[in-house]
Amino acid sequence: MYQHEVKIRVRYADTDQMGYVYYGNYATYYEVARVESLRSLGLTYKQLEEGGVMMPVLENTSKFIAPGRYDELLTVRVTIKEMPGVRITFHYEIYDESDKLIHEGHTLLVFVKMDTGRPCRMPEKMTQLLEPFFEK
Amino acid sequence: MYQHEVKIRVRYADTDQMGYVYYGNYATYYEVARVESLRSLGLTYKQLEEGGVMMPVLENTSKFIAPGRYDELLTVRVTIKEMPGVRITFHYEIYDESDKLIHEGHTLLVFVKMDTGRPCRMPEKMTQLLEPFFEK
Amino acid sequence: MYQHEVKIRVRYADTDQMGYVYYGNYATYYEVARVESLRSLGLTYKQLEEGGVMMPVLENTSKFIAPGRYDELLTVRVTIKEMPGVRITFHYEIYDESDKLIHEGHTLLVFVKMDTGRPCRMPEKMTQLLEPFFEK
Amino acid sequence: MYQHEVKIRVRYADTDQMGYVYYGNYATYYEVARVESLRSLGLTYKQLEEGGVMMPVLENTSKFIAPGRYDELLTVRVTIKEMPGVRITFHYEIYDESDKLIHEGHTLLVFVKMDTGRPCRMPEKMTQLLEPFFEK
């Protein structure tokens, strides 16, 4: 299992007239959490794309437990529970400033070779970086 | 069952550097589809809020079958399969210009009284408008 | 002079917790107005890019006279006042449902060849379509 | 003169199919820069709104010198050049990771009492915090 936490400040642009974080904006928080979790491993998503592999999203689920609010410094805990192969699943839990769980979700992505548009296995470097977290 | 179709043109702002509709932007397409499906019934979400009832989102799922692309005129088919009570579920199917299914999703929302912040039943006017579609 | 009008419905996603259209979202309304004004001439921005020419933005100004509000069907009047060469300027006036002017702005864009990244003259087809509006 | 610098990482959500930061998203970067510059003074915009004062935008200008790109850690330098009264102007310069100036802009905002909707002077606390930077 690999786990990482990211802090994200809610922007005014993220709110809607209900005074909540607009429900579609959590997908961007997930993206930041995924990208920063890779960076903390020693890899950037930008490098993956430069190496010819992109990671489009196949599935996404979100559960809105309580509203996110303007200017809160949210904590997004991102978890990879299983060693990825051709696909990778990220799980998210979002906590507000009082450590209350306000949101849960997960995203399934697939590794795709940009030149052929076909699914491929996770790039070697990423495999090496993740393996230590999934050894028995 | 109540069903309605909406056309949505993909904006440049909706795309990302993969050349696809950014995955978080489908939530906005869902919102447009929900709002226009209510308007076609003779009701606006704006009127609901002015009447003191709002509809925050509780759950959302999305399945990305094929990418949405810039300037495509997408068709979003929105379906309410069951007569709503305190909660309402909207299902979506999105088709590209060649009528290919590229996306599926659903959203669960709850009716909430804005003054108390508590869940409530679907407003009377909306019940009257929807009932004919769910009679046996 | 070439002028065109587009209707844009304010989405919930566009609002912020002030209950107004978030100030950054007018840029997207401008984009829709530009693209639809070209389409009404018989040309799409997508075709321009497919023909190897893109139009990045060089300058933008916005004047916020009164707030845009949720669910309003705004009218965006877009005007090209001068025959474009290497650069093109679009002017915008936005009116609310009671025909009150709520917003003004303009955007300066440049034609760029995508293969070289260098500025170029407006594509021939676009010149032919616009010329009749600027003859003396 | 008051000056503050903020780092902002470009998100995938911010990009468009040109591979650039979509031009409308700089307004959000400006917002983050404004809010963090106030926070560094010892004040939050959230507190201003809780104190009954909001700051809608009246004017905005943007000059796009070179594209912002995915995953770059941009530096936004925000400057208040004149002691604000009823209105306040923020100037921005945005630098990429190689310290190249890629963007300039400014935003004019007005202080508004939320109960009456009328312009008002800058709140007392903010005046006290800013004054030392504008003394002769």
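A, B, C and D label the chains in the order they appear, each numbered from 1.
Here, a residue touches a chain if its C-beta (ideal position, glycine included) is under 8 Å from a C-beta of that chain, and two chains touch if they have at least 3 such contacts.
Computed from a prediction, not measured in an experiment: that's the story for all the values here.
Its C-alpha atoms superposed on chain D, chain A is turned by 180 degrees; the angle is given in steps of 5. Of all chains, B has its CA centroid at the greatest distance from the CA centroid of chain D.
Mean C-alpha position of chain A lies 28 Å from that of chain D.
The centroid of the Cα atoms in chain A and the matching centroid in chain B are 25 Å apart.
Per-chain Cα centroids separate chain B from chain D by 34 Å. The set of chain C residues that touch two or more partner chains comprises 12-13, 18, 22, 24, 27-28, 31, 70.
If you check the complex, the residues on chain C that touch chain A are 12-13, 15-19, 22, 24, 70.
Per the touch definition, chain C reaches chain D in the complex via residues 18, 20, 22-28, 31, 54, 56-64, 67. Taken in their complex, chain D has these residues touching chain A: 9, 11-13, 27-28, 31-32, 35, 44-46, 70-71.
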